[in-house]
Amino acid sequence: MANKHGHGRERIQFANTEDKQEFSKYPTKAGRRSLSRSISQSSTDSYSSAASYTDSSDDETSPRDKAQVNTQGSSDFCVKNIKQAEFGRREIEIAEQDMSALISLRKRAQGEKPLAGAKIVGCTHITAQTAVLIETLIALGAQCRWTACNIYSTQNEVAAALAETGVPVFAWKGESEDDFWWCIDRCVNTEGWQANMILDDGGDLTHWVYKKYPSVFKKVRGIVEESVTGVHRLYQLSKAGKLCVPAMNVNDSVTKQKFDNLYCCRESILDGLKRTTDIMFGGKQVVVCGYGEVGKGCCTALKALGAIVCITEIDPICALQGCMDGFRVVKLSEVIRQMDVVITCTGNKNVVTREQLDRMKNGCIVCNMGHSNTEIDVASLRSPELTWERVRSQVDHIIWPDGKRVVLLAEGRLLNLSCSTVPTFVLSITATTQALALIELFNAPEGRYKQDVYLLPKKMDEYVASLHLPNFDAHLTELSDEQAKYMGLNKNGPFKPNYYRY
Amino acid sequence: MANKHGHGRERIQFANTEDKQEFSKYPTKAGRRSLSRSISQSSTDSYSSAASYTDSSDDETSPRDKAQVNTQGSSDFCVKNIKQAEFGRREIEIAEQDMSALISLRKRAQGEKPLAGAKIVGCTHITAQTAVLIETLIALGAQCRWTACNIYSTQNEVAAALAETGVPVFAWKGESEDDFWWCIDRCVNTEGWQANMILDDGGDLTHWVYKKYPSVFKKVRGIVEESVTGVHRLYQLSKAGKLCVPAMNVNDSVTKQKFDNLYCCRESILDGLKRTTDIMFGGKQVVVCGYGEVGKGCCTALKALGAIVCITEIDPICALQGCMDGFRVVKLSEVIRQMDVVITCTGNKNVVTREQLDRMKNGCIVCNMGHSNTEIDVASLRSPELTWERVRSQVDHIIWPDGKRVVLLAEGRLLNLSCSTVPTFVLSITATTQALALIELFNAPEGRYKQDVYLLPKKMDEYVASLHLPNFDAHLTELSDEQAKYMGLNKNGPFKPNYYRY
Amino acid sequence: MANKHGHGRERIQFANTEDKQEFSKYPTKAGRRSLSRSISQSSTDSYSSAASYTDSSDDETSPRDKAQVNTQGSSDFCVKNIKQAEFGRREIEIAEQDMSALISLRKRAQGEKPLAGAKIVGCTHITAQTAVLIETLIALGAQCRWTACNIYSTQNEVAAALAETGVPVFAWKGESEDDFWWCIDRCVNTEGWQANMILDDGGDLTHWVYKKYPSVFKKVRGIVEESVTGVHRLYQLSKAGKLCVPAMNVNDSVTKQKFDNLYCCRESILDGLKRTTDIMFGGKQVVVCGYGEVGKGCCTALKALGAIVCITEIDPICALQGCMDGFRVVKLSEVIRQMDVVITCTGNKNVVTREQLDRMKNGCIVCNMGHSNTEIDVASLRSPELTWERVRSQVDHIIWPDGKRVVLLAEGRLLNLSCSTVPTFVLSITATTQALALIELFNAPEGRYKQDVYLLPKKMDEYVASLHLPNFDAHLTELSDEQAKYMGLNKNGPFKPNYYRY
Amino acid sequence: MANKHGHGRERIQFANTEDKQEFSKYPTKAGRRSLSRSISQSSTDSYSSAASYTDSSDDETSPRDKAQVNTQGSSDFCVKNIKQAEFGRREIEIAEQDMSALISLRKRAQGEKPLAGAKIVGCTHITAQTAVLIETLIALGAQCRWTACNIYSTQNEVAAALAETGVPVFAWKGESEDDFWWCIDRCVNTEGWQANMILDDGGDLTHWVYKKYPSVFKKVRGIVEESVTGVHRLYQLSKAGKLCVPAMNVNDSVTKQKFDNLYCCRESILDGLKRTTDIMFGGKQVVVCGYGEVGKGCCTALKALGAIVCITEIDPICALQGCMDGFRVVKLSEVIRQMDVVITCTGNKNVVTREQLDRMKNGCIVCNMGHSNTEIDVASLRSPELTWERVRSQVDHIIWPDGKRVVLLAEGRLLNLSCSTVPTFVLSITATTQALALIELFNAPEGRYKQDVYLLPKKMDEYVASLHLPNFDAHLTELSDEQAKYMGLNKNGPFKPNYYRY
């Protein structure tokens, strides 16, 4: 249902079953799986493109065992190799070019320093884009300590560049689980510095603070959380009456949702299919399972390139939209024999069953754009009568006894995380939303936010959007006084009621 | 902002200023204007296509002065000419072909008669499509009395057909204001019959009952209201603590909204422009003011036919959507000189000003798809230095002293109501929503609905959609038990949270 | 196969069978039918929109019996009513606004008068657009005499306006066949004036001159012919060695072809369907028979508006294009049961058979965009077991014994001629092409053109296009000397080899 | 202007100036450059994706110095490593899946062996797809000897697989120029076998035979040539009266042209941009220089993904098409400052000048989809004040003194050859066309073809298309006898006149 760009999707598990108790009430669909599998599958896939920038150092020494000092003499960090800082700096500079919203935020808020006094501890993917966020927060007055939310996604040279400029960062690509928690601990537990804001992606940092340093919450003004999983955990805490600070759910802000789902999938479905299979789209018969935002994005792009697309749906409203948008609404079983490509976008499980895989025609491509790795019943394909042949990275041919081949992409995991890249612009939307949420929570007058989970105020969502308009050289119209009055609106927004559907 | 298919848009005014007091707190944008103007402008336009079916009888006698009896001997009705019944019946039969949702509702609910005991008084446009609705309500067990919500929109032969089958209907095309209230009164105030349900479109019927027969509300189980204006009145009553029965706002249900705005405008913008101007779309430079659902529909259609479209927006989120959808976001003044067509879809006033009209190029077409007749400052064009030349029905050339002509459509009123038609399918969505709302309110257990305004439950909205899927030969997928459990959903819906944006 | 905007499509027949002999060798597909039928069907349809401007005078006197004089004292014309001149002048002025190519041609060639000395006799539809052409020819130095190529298409007030300014025009709406030939004769056969150029649309004028005044050809420098039929006749003459002057086939120039077929049909298919049936396009299942230029235009527009379109083809190359463009290629019989709309664009006969009509579902719409009226086997529907019901102008319901209705548009004749309008811009392309062809033939040095049929030189085709670019504010790039040399091109064109496919 | 998938685009030069004399009269645009540059630029780029399959053997020994024997004991071949045959076989098998047209050709022609007796010497790229062609020719009865037309494009393991099955193949990746001619010579000059058919791609083989073994032409029944360059050479020979056998120009057949240009570019422009820059298409301002087939393909794809596209054109007809298709037609200089992406598709030189590069905005992406490497004036960027920074393979940042970066892709060479892949389906069209041309020439009765250059007969072009329809499950309609007669067509085609534009 929701296709996020990999932040917090496939999570590290808590080793300790007691911990699980507290957080595990959220539905299975949040993507929980056994640790070993999670580690082996998620991160390398998701960040293949980032990896292309990263030199694969052969240095086998654990960063924890190295003594490293940056040029300013500080050793309050732990990264793979501080010497990669210069290369990392270039990566950050390139990212800055496509994240002008953050740069303009730096400029606009420069005088007032709205985060002066903020001590932010952060746990996110550590990439060039995150670095632009962190350096923006610092430019706005904050002090930051940072760690990685994923053991594989860290761009080592970016971590080095951050460390070099004095950010205490604790992260490297290929951490062990023990390393992972050690890094988080080093972020939180430092002498003479206590966080008063938390920026989390997945909830692991929040969990750690809850478990080990609950007293920290006395000073914390708020948590900003961006992942589905982390947000779910927060709602659970809130329901259980255990949330002791305000939290901001930035996952569900309109702008982020549209970019993470509709637009991002419209951009990436073609890319993911092309890079893996060199498919020609023209005239291909494609069925897209699920016509939510993700499905809509996929269908739009595929139809535009000449594919003949039909859809499946369980929800009659979405089905009716599909009809009006020009897609036949079918049951998968009716059409499965004719399809050249099958794409799942449902968020559900076993949407493509073994029985349907058996009926596909030779050469049919199957992939998942929806959620986790449950949508295609890949497990059913690991049976003795079928032969698996890896023909490229992320591409397996499953061969039936009669010679029929089905082309399975990314072993049923998310295609766009595994086989395509996320535009920096999408990451910019997310990062800007995070920065504004931090500013809002940090500066909110006493009492505006209770110990609950909040959505970003619509006006700030609108502000995030407005910061990205210059990228398109887009010029907003302003309401005249008379018009504002006629519409009953404030000239500066918000411009829509909360239930507006966009 | 919202483009409804003419129901309750341009309202009859209350003659009595006291009445006005009570209802007039809603913002001006609800389209309130002086009576004379309302009558002269709204209705003939809106129903031009319906009118094409209607024979224009030269009979000048007022229906109120005629003694008419149907073949069953009843005279409890007042229509133009009962003899037109046969022709009207054919119109109804043709409409039935495209309203299979209602027909299937008749079939599904036939045994149980969910409206047995319901006494519905209705005030809507009286067209073939409404007749299908009324006869469906009757088939479901209801008794109905009906009147028109608009003095010009009645299809006389349809009213005759209804009267002939025994429906007490009081309406004709070209009522005076006095007739209008007389008809409403005849519907409500009848011996030996008291309404227990109200179906209203615009709030005039509701108002009349409030004013004249407040005791009726003791028996009324609910009001179903479909217009923006009527809904607004209800919310006002509710706020004022004066709403004494539950009311259902069917205007804002998802399915109806999408069809009234996005899809209906996508269909009608081309039609409206073509019928009036024979314009060739290819290569035309078009600016669409406002990128809400109406604007999105217009932009999609125009771009698809080869126009070069840019947009204006006040809301940065909608503007960002416009960017991603491939439209330049501009200020109107920047581009006004180059445009071939200017279309307003904002719901605001004076979006196109005289100063901008002065700068348009020769031959520029200007029209309004948004709301009411305020978006283009037409009044400013009625000045002595400009010459108006009517070149076709609904098409005026405004001629500047230097010979420049601007082509104004429908005098700035809604283009698609004035110059194109509304597909029966769209009306079917609305009628089905109304029928289900009546069933829901009539059958709801005591206490489910208080004296407040409600949205149609999502499940019923989904049901409306599902009833329309067979038109497209669309086949819904059903969740397996396992999948429903995994998703935490009931297999029969609702399938989405209330805040889902579609 | 080819969809022209009605010029010379449905022809007057030669009464004289001997004449037939000479011209009738061209294939049946040229649309030849018996006179009575031709008259009753073709012209009123084709010019319904023009007709909307024309006041339907009740004056029953034949123009041939009237004595009319224009304000200059001339009576060398024969029109319905010279007093309508003023109204016709306004029509011409409005048309001029969209025919700026001709206006700019007037300006560019004003000094040199390239048609000085030309005496042009013309036989075309007489509409406001033709008037702009005629007055352009005169502005370029020509003398003109004009008559109508179709007995129903004349806009009387335009003919009056031309007569008023001194053009000897002989035409009115509703001529008899005898009138038709009389008018042609009056054009050609006048004392003291002998034509040296012929502009024909359909070949009737050319035929008359061949038959009655063969000596005229001694002075004629060339014939310009625009219709499929007329061009075919010329090729027949040429093959038979009987063509005694050069002729220019302007029907097949690239620009005209694309506008007459691809673009014009893209624009008009939606309009034709909407005006007749108020159909909602979204989700409709449509089969388009034939994927030539006309089919491509229809498919593009329908798909863009949300219809689900499949095609039939006999030519594997066009079929492959259809596949790549995203349309399923099917046999009509495979899909006929599911279709909501069936559109023929083949130029062939009996593409939709009675057997297929029998299998259509209730409410299926059938229409023809291709050619003539042969594509749908309408004759087979005129059988006793079927009931025809005319529900609107141009819309018949054919009712099967079981109650099934098929909606037949324009009785199987061309939908866009019957039920929609042709943009002036398309007519401007044609008129400009004709003007340039006349200039070329009139000014060509001795020997450039033999007694044969020629296509417009590509350079002039390019010139026609360039004259229309200002309408779009389009700015051409010019080759530098270096670039022209590199490409082996003249900087002024032609830019493409003759076989280039565009 | 024409975008071919790399066959014969960037040619090896003749070292010998005398040779040049004979062939060099074709315009510079055919892509002639000095040898060193040609070698360094063309081939590795073009086949990067093929290369991804190829193991990069570290074996430095020249294949010419190795003694290799296949398992059948033959040593009549020269490849990199015969042991790679098995891996190559799998590649061929995978290619066969998407080349079902050739497979069906094998089946249809199996009985008759239409190439029995044919001795074909071939010089093409040696890839899995070519192997499917070669093995098809053999299945149809031919004997084949093969060499590579490009020193870098050979897939070594495919060459090995061919050699293993007994095809005398002489080619490896990374030949020197001397190797190149040696390989050609080994193909042609072999004892006891003399070619009677030539299949060439670029004209080098033909040239060699002309120069070294002119007597071979006594037995040769024909040459089939597919490249622009090679075809040009043949026309030169023909004009000079030196062509001594019939030659078939398969480059210009309709099907191949559409797939090489319109469809292939529609597919590859997005891929090429995404793989190199991870660009988000939505809202990007793009100018496409040239609106021929290549430009049309690029514009269609980019617009469909939400880019805002304008075009430049020199040809008013193409410009007018651009207008009607919804693109603003501009001069590059007018818009250069606003553009996010500049794409050249002209076939011309210096379409993007240094002056324009100077005016681009920071981050502007510049690339070439058109032809050769002349379109962007890359040479002008190699000046001291500008810094080049290679940020990825095929991606350079050119940095101006003020810090502005322009992103240059593939150093101005063809983007889709360098940075994306060509779908096997497109190659299948080409290969099938070649096979049919060989069959036609080999079996043509004496006298059908003279010593001239011919286009593939339309009927065979249609046959190529028909062989590819099953891939789309497309079903052709057949003409009835009556219809064929009506249309004046043979039921089996050809269906269109030669000048038909598709």
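Going by the order they are written in, the chains are A, B, C and D; count residues from 1 in each one.
The rule is short, and it goes like this: a residue touches a chain if its C-beta (ideal position, glycine included) is under 8 Å from a C-beta of that chain, and two chains touch if they have at least 3 such contacts.
Labels paired with UniProt names: A, B, C, D = Adenosylhomocysteinase.
Predicted model, so just to flag it, every value in this text is computed and none were measured.
Common neighbours of chain A (Adenosylhomocysteinase) and chain C (Adenosylhomocysteinase), listed by label, are B, D. With respect to chain A (Adenosylhomocysteinase), maximal separation of chain centres occurs for C (centres as means of Cα atoms).
Interface comparison, A-D against B-D: more C-beta pairs in contact at A-D. Between the CA-based centres of chain A (Adenosylhomocysteinase) and chain D (Adenosylhomocysteinase) the separation comes to 41 Å, rounded to the whole angstrom.
Computed centre separation for the pair chain B (Adenosylhomocysteinase)/chain D (Adenosylhomocysteinase) is 58 angstrom, with centres defined by C-alpha atoms. Contact with two or more other chains is made by residues 263, 282-283, 306, 323-324, 328, 472-474 of chain D (Adenosylhomocysteinase).
Residues 27-29, 254-255, 257-258, 263, 289, 293, 312-324, 328-332, 334, 347-351, 374, 461-463, 465-466, 468-469, 472-480, 482-483, 486-488, 493, 495-496, 499, 501-502 of chain B (Adenosylhomocysteinase) touch chain A (Adenosylhomocysteinase) in their complex. Those residues of chain B (Adenosylhomocysteinase) that touch chain D (Adenosylhomocysteinase) in the shared complex are 282-283, 303, 306-308, 323-328.
Residues of chain A (Adenosylhomocysteinase) that touch chain D (Adenosylhomocysteinase) in their complex: 49, 52, 94, 97-98, 263, 266-267, 270-271, 274-275, 278-283, 285, 301, 304-306, 338, 362-363, 391-392, 405, 420-426, 471-474.
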